[in-house]
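First, the structure itself, so that you have it in front of you.
Labels run A, B, C, D and E following the written order; every chain starts at residue 1.
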Amino acid sequence: MSARKFVYAVCVLLCVLLCAVTSSVAQQLPAPPPSAAPSENGEWTMPAKNYANTRFSDLAEINVDTVGALKVAWTFSTGVNRGQESSPLVVGTTMYVLAPYPQTLYALDLTQPGAPTRWQYEPKPDASAQGVACCDVVNRGPTFSAGKIFFTTLDAQTVAVDAETGAELWKVKLGDIAKGETMTMAPLVVRDKVYVGISGGEYGVRGWLQALDVDSGKTIWKAYSTGPDAEVLIGDDFKPYYATEKGKDLGVSTWPPNGWEQGGGTVWGWLSYDPDLNLIYYGTGNPGPWNPNQRPGDNKWTAGIFARDADTGAARWFYQIAPHDLHDWDAINELVLLDLDWHGEQRKVLVQPGRTGLVYVIDRVTGEVLSAEPFHVLTAITGVDLSTGQLQLVPEKMPVENRVIRDICPTAPGAKDWNPSAFSPVTGLLYIPHNNLCMDWESVTTSYIAGTPFVGAEVRMFAGPGGHRGEFSAWDIIAGKERWTINERFPLWSAAMATAGGLVFYGTMDGWFKAVNAESGAVLWQFKVDSGIIGQPTTFLGPDGKQYIAVLAGVGGWAGAIVSNDLDPRDATAAKGFVNAMQDLKGATTKGGTLYVFGLP
Amino acid sequence: MRALRAAIIAVVPLLLAGCDRHQSVILPAGPEAVTLANLFWSFLAVLMLIWVLVLLVLAVGLMRSRPIGDDPLALQPVAEQRYGRIVSALALATGVIVVGLSLVSYDAQARLFSPGDAGLTLKIVGHQWWWEIQYEDADPSRTFTTANELHLPVGVPITLKLTSSDVIHSFWVPSLMGKMDAITGRENQVQFTIEEPGTYRGQCAEFCGAQHAHMAIVVRAETPEDFSDWRTAQTAPAASPDTDGEKAGLEVFLSNPCVSCHAIRGTPAGGRTGPDLTHLASRSMLGAGTLPLTRGALAAWITDPQGTKPGVHMPLVMLRPADLHPLLDYLESLE
Amino acid sequence: MKRIAIVMVLALGISACEREDRETRPDPAVSGMEPKVTLSSIIPGGGSPPPPSGLAGQYEGNAYHVSQGKKYYTWFNCNGCHANGGGDSGPPLMDDTWIYGGDLEEIVSTIYEGRPNGMPSFRGKLTDEQIWQIAAFVRSLGNNVPSDAASGRNDDLNPHPPEGQLESQPPIDGGTAPPSGQMPQ
Amino acid sequence: MPDIEGQLDTGLAPDELRARLALTWGTAGGIWGALTTVDHKIVGRRYIVTAFIFLGLGGLAAMAMRLQLSRPEANLISPDLYDQLFTMHGTTMMFLFAVPVMEAFAVYLVPLMVGTRNIAFPRLNAFSYWVYLFGGVMIWVAFALNIGADTGWFAYVPLSGPEFSPGKRVDFWAQMITFTEVSALAIAVEVIVTVFKQRAPGMSLDRIPLFVWAQLVTSFAVLLAMPAVMTGSTMLILDRLLGMHFFNPAEGGDALLWQHLFWFFGHPEVYIIFLPATGMVSEIIMVFSRRPAFGYLYLVLSIIAVGFLSFGLWVHHMFATGLPQLGSALFTASSALIAVPNGIQIFCWVATLWDGRPRFATPMLFAIGFIVTFVFGGLSGVMLASVPINTQVHDTYFVVAHFHYVLIGGSVFPLLGATYYWFPKFSGRLLSERLGQWHFALAFIGFNLTFFPMHLLGLGGMPRRVYTYPANSGWGDINLLVSGGALLFFVSFMLFGWNVIAALRREPDAPDNPWDAPGLEWAAASPPRPHNFDRIPLVASRHPLWSDRGGLLTVSGLSVDTREVLVTSLAEARPDLRETSPRSTIWPLISAIATTALFIGTIFTQWAVVWFAVPMTAVLIAWFWPKQAVDDT
Amino acid sequence: MSEPGPAADMSALPKYAFGSRMTTWWGSILLIVMESAALAYACGSYLYLALLNPDWPLSAPPPDLLWGNLMTVLMFASLVPATMAKKYAQREDKRKVQILLVVLCTMGTIACVIRGFEFGALNVRWDTNAYGSVVWFILVVHTTHIVADLIDTFFVTALFLTGHTSGKRFSAVEDDAVFVYFVLAAWLPVYGLIYWFPRVWSP
């Protein structure tokens, strides 16, 4: 206890000093709003670390100088050889690890050597749910709040478990797998509400976000992503910045009749919360089906970013990243909340490295797009017209039915999919793990048959220019360009994590866990784990007062389905075309499901 | 000759009998079709005149008396020269006539196919063996999909965008406009205007497989007001079932293979491989013009589509006998 | 000469006749028939599994049925989960691994009843004939149907060489996939 | 050069000359002789008979279709069978009857008409027949086995592509195209070389009979047009069997590429059928008007012009495919323009008739029937050339009517006339005039009753290739009339068949020149002896048998105990060489069998190319390898 | 019909000659015309598809130049023995013709080997897309000419080496040389289309 406090104090001191130093050098580094990124306490209670989604830890024991000595402290098998996209949480002396389907939640006792299981909780989701999980049976992490662990299950339930005992507190069913409704996202808890959204954008699921009561699981409000204003919770407070978002019942009128009923716009990514504005920010998924010709119109409110009142759910503003989305460009990626000096003016912004290949800097008060600069090779779009907010499309790359449109970059999983980036206030840089892929795409008419995929596209992906398929980039938000980039053989499907030790951590699909110098991009340390990494690294202070790094290894997800699902690489369209770009993954890694915890000796 | 004349005399009454409003090139119902018919008649007049003249000359030549001579090679140079001049003159005349006809044809072609005011645009997708019709609009909520029966306003320029989902089809409503192919991977356009309200029949005119014969299209030309009402009604979702029978019918529909191919907007049925049935009961025909839409025909069609239209992609569904009437009740309620 | 040729070709061709039949009405044997399937090769107390239905040849050997199955495979969104045989959320169908058995009857049964780990049951959503046809097409994905019954390429994006030209992968029953590192590269 | 091959004909008595030449050129008896023969007359006769058998089969298919169509909503024939029937009808008539029969006449007649002893490359000629026979048998056997092609004789992709035509039906069709193309191309080469190099001395270019001119131009058209459809059908089969993407619009291919390739062949094809017919008409009208055809030069130039122009018309089959409008308009003009040379031919024939002294024998009746119907069909063709009119009548029964007027009126009538005309030469027997006149009358009436009402059906909106039509369409009565006409037309052919059979059962009694015709073929015996001419004639005029009433001049100095043909110079036909002509051999048949095995094998596995390449090469080497000290070729 | 008797004596005419005086020469020329037509339709199809697709060569890299260039050089080189063979054949110089035929055989065999590598250097499979299909098709069509020429050359060589050297065989050598010219003449447009068109063409 005292030792831990001591180390913690040292860290804070170091951090303050560091901040002082850096701020004296460069006055105006962006920083998350303090209210959304509270000071470090050595725990990691939610997958994104904080409401601002920075995935930054002030811990600095493991730093540029010491990282070379990093060793495996202990490991733990999740018992499931499927894609491990989850994040290990640490609260007090307990680590919480959530496996993919069947989603056993393990509580590991950090005070004991080797961290034995304190308890485990099995939600026993319906096995059939595996059939409607679009992209492996993953889950993106549990969330801790006020003595409870919340998580979602593949069969569309949300569970609250007592963090101490593992007793189930409540469990509510929010969706019907027979319609393709599943849940994979990590919930967000703000005060007395748990926010959860639905997955299934590839099954014609009508997306929504719900606020549940933390104590009972009862729905407090539910905001759909399509349909009439009343159901989208659009009211008088709704003040979007751009004219194209203004109008009555756009969630109906920008669709062909009844199209919105199977219109997608699922909410399966990351939520941010600004306590000062009391707004929840999140992105909505792709409209259904992928084939855009089956849904003329802008298809509100899919593939865009919502700001909602955290208490009532009332929409405050919306910005549609991809009106009439052509290429499965969900807008669900993480929204990093930052306050920064934008050309001499202090702005509250959110930053999203989007699937479109652009890093969006959006005023989070008004919804105005301040900049959208490319971090990926672009052939299908040229950028965003900042005066209208409209995505600028290249007409030759627009899908036509029954014709293959070639060399569309970025691809359906986007320049960057769900796997979140990290922001370091120390360097002021955003660390983006992303893809370098292009694709061929053919739109085909598809039927809506409840419980079966509603896609209507034949896709095959391949490496982008340069031949490598992944990149890890440090992004200068203000300048709107890359500071440095590491090329990776495979697409990056793991999250990034930054620490005050001047390090950024990420994992690769061929199983390397890497620590990189946050300033220069030099790889300082790397370790080969048993399977490809697609999880979210976290860091924490152990009960022994030492800093540890934790990450789940176990390849899978959309990108890794070729291994986790044993797909056949001869079919270029397998896993919606991702397999074509991943044919050699089977030779580079095997299935796995292991938690790795690293520490200094 | 004589036989031919007899043939013509024999068939003219038949021709007149055949001239109901089924689908006829020579009964135009819009300016484009009139242009086409006029062009046809003018070509016919010129060409038939030529034919008759040639036959007259031939007949006279065969019947005229001529001097007897034994040596086939004994030709008269003067006559030969005269024939030469006549043949040359006729060749020249032929050239002039065909060039003239080509110019007349080009004039009509330029008028018929020059892109004009887009007016109402529809996308028509040919399927084996039915037509998918997508009404387009700048306002996506005014777009909708229907099948085989085209409602169009009179006096408004119509633009059809034609494509195919499988093989090549050809959209042809003779009373309105010439045919245009619907080709996979391409989009063709055809424009026309209708002047008279009425019903015009058309048919696929490119061989497209086993049921090419049963791929008709019905055009219902209406006043703009009627059309507007119809369109508004079509954008609405399907009528929800009222009676117990209809409700049971919806249940039958959803729990049988019907739901995998057909869409009924407002219900979970969202199949696009068969025609959209949201407003089925507002149509007049079944199976792309194969049967009239009556309860009996509907029952026959559902119980044995392969008997009426062998090879059609609608499968033989083994309905429980008790399910048929509720299903019919429901389908008939889809006004 | 010609007569001899005709007789010879006739003799050769008789067996091929069925391959080209385009029977649009289902075989009465198929309607309502639930195939009896044994998934295990162990039968306690001896004895043998029930004989196969005998319909395999009728469906797998007929180009029209296989082609119809290919059409339905897309129409009914099979490709949503199994892609063009390579698999997606569902397992691949081109390889030799068959969790629930790779015989025609077993595949029919899988489609008809569904399977607990996510395969939906298409009972009542497809006609029995369609299920047999789809199953025949699925068999062709592993090149397990006669090569002259297998379909050619479609007028679509090219996912892989036509089924008839893929490596033949006779089914191996069993739920465990080989270690992925050993899969064909 | 020392003369090593023995006896020359110089100075031999006529009887001995004839006997020795017959021995040298003769075909052995029995099956072996039949299988090994390279005599152009035997091969040509087989060709003609086979083609007429295919005509009968195609006609039966047509009758079956007419039966189904005679009433609305009839259920006699399933759509699947109907599709196979009309495909077999079109395919048979175009590929197995019309083109081969015209070439068959060339194979038989051209060497006789130019005064030589055998066609050039006679072994190739034998080979071409076998390939044609096997191709035709293959597709009909396939049809009998329910593997008949069902996508129309034009086989438009994507319908005929791998996705929409499962099974082997279209594969057989596409390979059949290859078969017939191989045989047609071989004959084209033979005919051209025969006409260019083997004409009798003195037969300069301006003395070539009009029929030979027509066949020459036709052969060039075959040479340039057939490779287009062969390219197309190869692409089709590669798409179907190897998964290639020529016609896959999704992967950069195009459905219209097929149509371009097909019609780039398909339109010249019509003229490949029609031009020889004009040659026949010219001969018949000349002989039965008893004067030279008027305007030899006009006619020759017209034939050449038609041959050229026929390559510029293909797009008028594609006016409804949405091609650019201006381009289409140009094809309107070019399509209409072909009326000029065709018109000139008509005018010349009418002038010949006008000035001549017509004898209304059966061939002449058919020639007159030809003018009446062909002009009608040609004029409706001018309508079809107009883009706007075409968009209305394209793919309707109007077009069916039009091309049957052109093809039956324009080609089959002349062909029937030519059969009556040359039958004594082929068989040594004259056909019955009385039956012939009945045949003509029934055929003419039946034909017009069948096809004239189809114009009205087309205008009434009836599309082609439908297996049935609704009862309320109003097309029922006309269709019944059409079916009745078809029956009449069919009966006329049965009459013709009876006429032929009856004639063949009589003793040969025809004189060498029963019609007092001027051509060299009438200088040969009826039927011609194996060596055609005892002595090669020396030609001094365009109408040798008219101008040299006293008997033809001949040349001597050719070998009598080896097969030798006289090769002359291209333009003036000055004697140049005495080339040897090949003897009978079995290798063409074996090659044809190997080729057939390869073509059919590829339908089932692409490795057939590899398997059969080696035996094919071996067979070809065996074919060409010299068997004796004195070389054959 | 009675005959007035022979008017001219042909016995002094030679039994073979060279060039267009022979029927076989015309036969080969007509075959060449036909094959040129087929190749022209194949090349026409290539251009048609190239003009139709905005992204020709459909995202495949253009073929590697090495083997195509080698082939072109070899083809031009083969003109020398072919021309010489033709010359000596007309002079009926058996020895020289034999040597030159062997040289032609060797060159033809090398050409076939190079052609094998050319297929490997196309950088696209025949069943990848329409571009792949049409380049393979054209190259295979041209290869059939090379192979046909090679078989023909081997055949003539075998004749010459086994003593079948009567006069008209020299004429066959000449025909063979003509076919070598044709293979080159056919190659140049194919070479340009396959190797250079995708490099130069931008829609």
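What we mean here is this: contacts are C-beta pairs under 8 Å (C-beta built on N, C-alpha and C of every residue); 3 or more make two chains touch, one makes a residue touch a chain.
Predicted model, so just to flag it, every value in this text is computed and none were measured.
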Check your understanding: Going by the stated contact rule, which chains contact chain A and chain D alike?
Key -> B, C, E
**Study point:** Maximum centroid distance from chain E, chain identifier (CA atoms)
**Key:** A
Practice item. Determine which two chains are connected by the greatest number of contacting C-beta pairs. Key: B-D
**Study point:** Whole-Å separation of chain centres (CA-atom averages), chain B against chain E
**Key:** 51
Review point. For chain C and chain E, what's the span in angstrom between their mean Cα positions?
Key: 47
**Study point:** Cα-centroid distance, chain A relative to chain C, in whole angstrom
**Key:** 40
Study note, to complete from the structure: Touching at least 2 other chains, the residues of chain E are 58, 127-129
Practice item. Hunt down the residues of chain B that sit against at least two other chains at once, touch-wise. Key: 184-185, 210, 259-261, 273, 310-311
Practice item. Would you mind listing the residues of chain A that make contact with two or more other chains? Key: 402-404, 440, 442, 446-447, 449, 454
Review point. According to the definition of touch, which chains form touching pairs?
Key: A-B, A-C, A-D, A-E, B-C, B-D, C-D, C-E, D-E
Revision key, fill the gap. Touching chain A in the complex, chain D uses residues 249-252
Exercise for review: Please name which positions on chain A make contact with chain C in the complex.
Suggested key: 127-136, 202, 402, 404, 440-442, 444, 446-447, 449, 451-455, 458-460, 561, 563, 565-576, 579, 583-584, 586-587, 590-591
Review point. What residues on chain D touch chain B, complex-wise?
Key: 78-80, 83, 151-152, 156, 158-159, 163-164, 249-250, 254-256, 290-292, 294-295, 298, 320-322, 325, 328-329, 332-333, 336-337, 339-340, 343-344, 346-348, 350-351, 353-358, 368, 371-372, 375-376, 379-380, 382-383, 385-396, 441, 444-445, 448-449, 452-453, 456-461, 463-470, 472-475, 477-478, 481, 516, 518, 543, 546-547
Study note, to complete from the structure: Per the touch rule, the chain C residues reaching chain E in their complex are 153, 158, 161-162
Revision key, fill the gap. Counting only contacts in the complex, chain C reaches chain D at residues 1-2, 5-6, 9-10, 13-14, 16-17, 19-22, 63-64, 66-67, 147-149, 151-158, 161-162, 165
